[in-house]
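I am attaching a structure below and will ask some questions about it afterwards.
Letters A, B, C and D name the chains as they come in the text, with residue numbers starting at 1 for each one.
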Amino acid sequence: MHVEEGSVVAHEPMGSAYRVLTLRLPRVAAQARPGQFVHLRLAMLSDAVLRRPFSIYRVDGDCVSILYKTIGRGTAAMKSIRLGDAMNVLGPLGNGFPLPTADAIALPVLVAGGYGVAPLYFLASRLPRTGLLFAGGATNADILCVECFQALGWDVRLATDDGSLGVRGLVTAPLDAWLGEARREPEFFACGPNGMLRAVGERAVAGGWKGWLSLDRHMGCGVGACLACVQMIRKDGVETLARVCKDGPIFESREVVWEPSEP
Amino acid sequence: MTTPQLGITLAGIRMKNPVMVASGTFGYGPEYADLVDLNRLGAIVVKGISLEPWGGNRTPRLVEVSGGLVNAIGLQNPGVQGFVAKYLPFLRHFDVPVIVNIWGKTAEEYAEVAARLDGTEGIAGLEINISCPNIKAGGSAFGTNLESTARVVGAVRRRTRLPIIPKLAPNVSDIAAFARCCVENGADALSLINSYPAMVIDIESRRPVLANVTGGLSGPAIHPIAVKLVYDAARAVKVPLIAIGGITQAREAIEFMIAGASAVAVGTANFTEPLTALEVVDGITRYLGAHGLASAGELVGTVRL
Amino acid sequence: MTTPQLGITLAGIRMKNPVMVASGTFGYGPEYADLVDLNRLGAIVVKGISLEPWGGNRTPRLVEVSGGLVNAIGLQNPGVQGFVAKYLPFLRHFDVPVIVNIWGKTAEEYAEVAARLDGTEGIAGLEINISCPNIKAGGSAFGTNLESTARVVGAVRRRTRLPIIPKLAPNVSDIAAFARCCVENGADALSLINSYPAMVIDIESRRPVLANVTGGLSGPAIHPIAVKLVYDAARAVKVPLIAIGGITQAREAIEFMIAGASAVAVGTANFTEPLTALEVVDGITRYLGAHGLASAGELVGTVRL
Amino acid sequence: MHVEEGSVVAHEPMGSAYRVLTLRLPRVAAQARPGQFVHLRLAMLSDAVLRRPFSIYRVDGDCVSILYKTIGRGTAAMKSIRLGDAMNVLGPLGNGFPLPTADAIALPVLVAGGYGVAPLYFLASRLPRTGLLFAGGATNADILCVECFQALGWDVRLATDDGSLGVRGLVTAPLDAWLGEARREPEFFACGPNGMLRAVGERAVAGGWKGWLSLDRHMGCGVGACLACVQMIRKDGVETLARVCKDGPIFESREVVWEPSEP
């Protein structure tokens, strides 16, 4: 974990609604593991006191990339970032995904919603073997990196709410179709909206498979100090409040105690 | 020119410099230890501790606003025993005073927490949180009423020999009265201020953004309010003041000291930039040097009217 | 879908929309008339008027801070007679309610100003400033004490048939008590809030930046505090509330209305962008349309807990 | 007076410490008179609530230029303004200098301190005749536009505190030298620090000449509404508080009631 000042080496649109920002961050790059995130300081937004968390999407040598979508005022301000700008980054943060070994029996099955594909691509690029990616989004603009996964040899199945790419519907549709005929045990790695994570988690629990879910919580400090990002976790029958930023963002499906109101 | 002396002794607590980290914004120490050299801090004030473990409020607990954030963590903590067992051993490895922020739902609970910490190795003082806006019982309710302020401070005083530092609420008309009340009931120093009662509503859902409905505003937004309160309190009492509210760089800390604070604590800015407290230390050092002041103490309360 | 109805009647004052401009930030009308179509405003609240002309404080009177500004204008004004002679004729040319903000150094002075304005053509109501942080006598001193609040509001009530709207101070622990006190003494509506007592020190000279030493914080910094106060007041009284504090766009105004305000007033943002109030009107219209609300009133106090 | 959104057509350094910002603002440009100012909204500084006032330095067709120095956080943020950016401008504001007619007897004598030269250059460019410019500054970097004035045919006399350009000392040194041997009555037009304005005003009063001083006050609204910028003015023996933004920024020397503490 470092506070590192990095200069912007690339900042490009990805499709119509996303951007990729690449920073030279040798110290963060050296430590980063798939599933971890960075906490970006938005100096250009002078009335912002909070950093913004983004999953690590790629690490290439000294460089760290994130893939982001414009959601609100922070990500809107990020659009003005230019090549050569200095950005202050806190990271890498969080626990990261457990990396299955080359001889693990289960088949890695990644499930991504929108920008949730970012940490999963980093994961895929670090896995000694290939598997399946299920990617979903509202529309085809939210389906990202398909070619990159295919280039790594992954089998990609898609779903969009409006049917503009892949199956029309939720990503669970192609996932359930595959599960129905699957001949190998899956091990899930999922990142996306809560509803999706919960659905994947339920399938993992029901099937008795492992399911690693990357949770998305609004964050303050990002390092476990402020207790803003807590999630109820059950371990050995005991419920405790875990900090998504520090103890997560990755939790095993069985551990997550979803609130009744959560989708 | 010699290097300015930053060290201070506040309510008997010796600090290397007057820059502390504020309760609830720096965890219990380990969270930031990889980033911040804890030995360079004036003191660490840990997250509020109660008699029993406490779960805090539901999420969302925190929301950014213009120039600050509104939080309603709700004082989640492992309880006094959990703190002593889990975090104090870690903190003892460092050469930095640890001030424990305490709270309770009754004056007796406050006193009981104080009693349990009294004499515990590695604790330099107690900050009494009578001003948390985020719990229904206790908290701010105590700190905006002179009688209950007196009751809590007095009860704690009777059960500990540690220096006690009540932390005042900003949402009062007459901070001087509360400052005097605390001192009369045995306070060795005062912290001011806690976050300011506030609320944020999501206009799409028409629901309060925080699960707790309301929360406390902190950050740069409240700094000019805090300076006024520190200035008023400094003219009312003689005990040292720890100023808190919106520090992001040395400038705001120096403003507080000129207004009358002997020390300061960095809160929300730890989230923006974990190295803020250390930058403030360096900035104060430079400022003292540039202004020909031999020590941090020479700056305190020197506002020219 | 039909266009939402923005018109409201507040304390008997008919307004085309619920968006006013706040006292002291819009002069007496002519200053912004070249830029802003005054007829499109819900109401104009003019700068505070006293019995006799008043010179206000020395300069500097205003300083920018993060997310706001601190002012100590000190209520400079031409006095009630000067106002009536110099500005009211101009204002009468417009089709917009004029609310006169009044203040005095004693309850009697307040009442006398009210009496002189009573029956004057072109005045829709009186806002009673019991909360100005920038004058030694009167002002905030009245508004942070229940007894003097009652005295001022009652005295004004007895001398005018105009709707009276006390303007509350934010620096109190229990805004509900002040709201109730005002209503019990005859208030037809309430304005909240005034700027928050604050202070800025120049660290190079170690002098307060404002000649008046302290001032009042306004702007986005205080918005989340104001929302909480409006929410608390709305649950305490039934009279309509005018919410003020940190509005820069429709979002903050809508937040206030959801919290319980019937109308809002734009202050500091007039300086940032003179067209703010009109943009807020348009934004509210769009919002009501998008949310299927037929009128501004349907939004008031609809916070979902 | 308008609120006008203008796009940046030039933004160039002038010497080592100043910059010139040029905006296309047809409506402001059409109304602008020398001595007036514009109030610039700093949207890039999201925690700023006040605009920043700058004298109008040039008007060329549709375009308005200002000449500014980095003083604090606002002017520092302005450095990042790029070509094509949209800037929100309120103006033109203030009363402006009275323009002497071509047949006026007195000789126009301009006295500038630092960026105070900006409105004086606009004035010179609109005057039907030439005169003298006295310009002062801390160092040679603070002496601006000398060639422009000379190109218009003006006689320029300089002073710097450090003697790096012109006479060493205050601008009053060359001014007094000239006054000692002047064969024509001067009419002063001055813009610069308070101390300089006061000194020029004293000379005008003593000599019985007209002296127009452009005052510099911290401003809120810029349009006369907030009463932040008041200055005590004596007119016909009566002292009143004038608003520098609306009733000024130009006041005649005799009218200004300097505070005892003012330099």
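Worth a mention:
Simple rule for what comes next: a residue touches a chain if its C-beta (ideal position, glycine included) is under 8 Å from a C-beta of that chain, and two chains touch if they have at least 3 such contacts.
Values in this document were obtained by computation on a predicted structure and should not be read as measured data.
Shared contact partners of chain C and chain D are A, B.
C-beta contact counts were set side by side for B-D and A-B; A-B has more. Farthest chain from chain A (centres taken as the mean of C-alpha atoms): D. Chain D has its Cα centroid 56 Å from the Cα centroid of chain A.
Inter-chain centre distance (chain B to chain D, centres taken as mean C-alpha positions): 47 Å. Chain centres here are Cα averages; for chain B and chain C they lie 34 Å apart.
Chain A and chain B have Cα centroids lying 36 Å from one another. Taken residue by residue, chain D touches two or more other chains at 46-48, whereas all remaining positions touch fewer. Looking at chain C, one finds that residues 66-68, 220 touch two or more other chains.
Taken together, the touching pairs cover every possible pairing of the chains.
Across the complex, chain D meets chain C through its residues 1-3, 41, 47-51, 88, 90, 217-218, 220-231, 241, 246, 259. For chain B in complex with chain D, the residues that touch the partner chain are 66-67, 220. Looking at the complex, you find that chain C touches chain D at residues 24-27, 31-32, 34-35, 47, 55-56, 58-64, 66-69, 71, 73, 76, 219-220, 268-275.
By the touch criterion given at the top, residues 44-48, 77 of chain D touch chain A in their complex.
For chain A in complex with chain C, the touching residues are 46-47.
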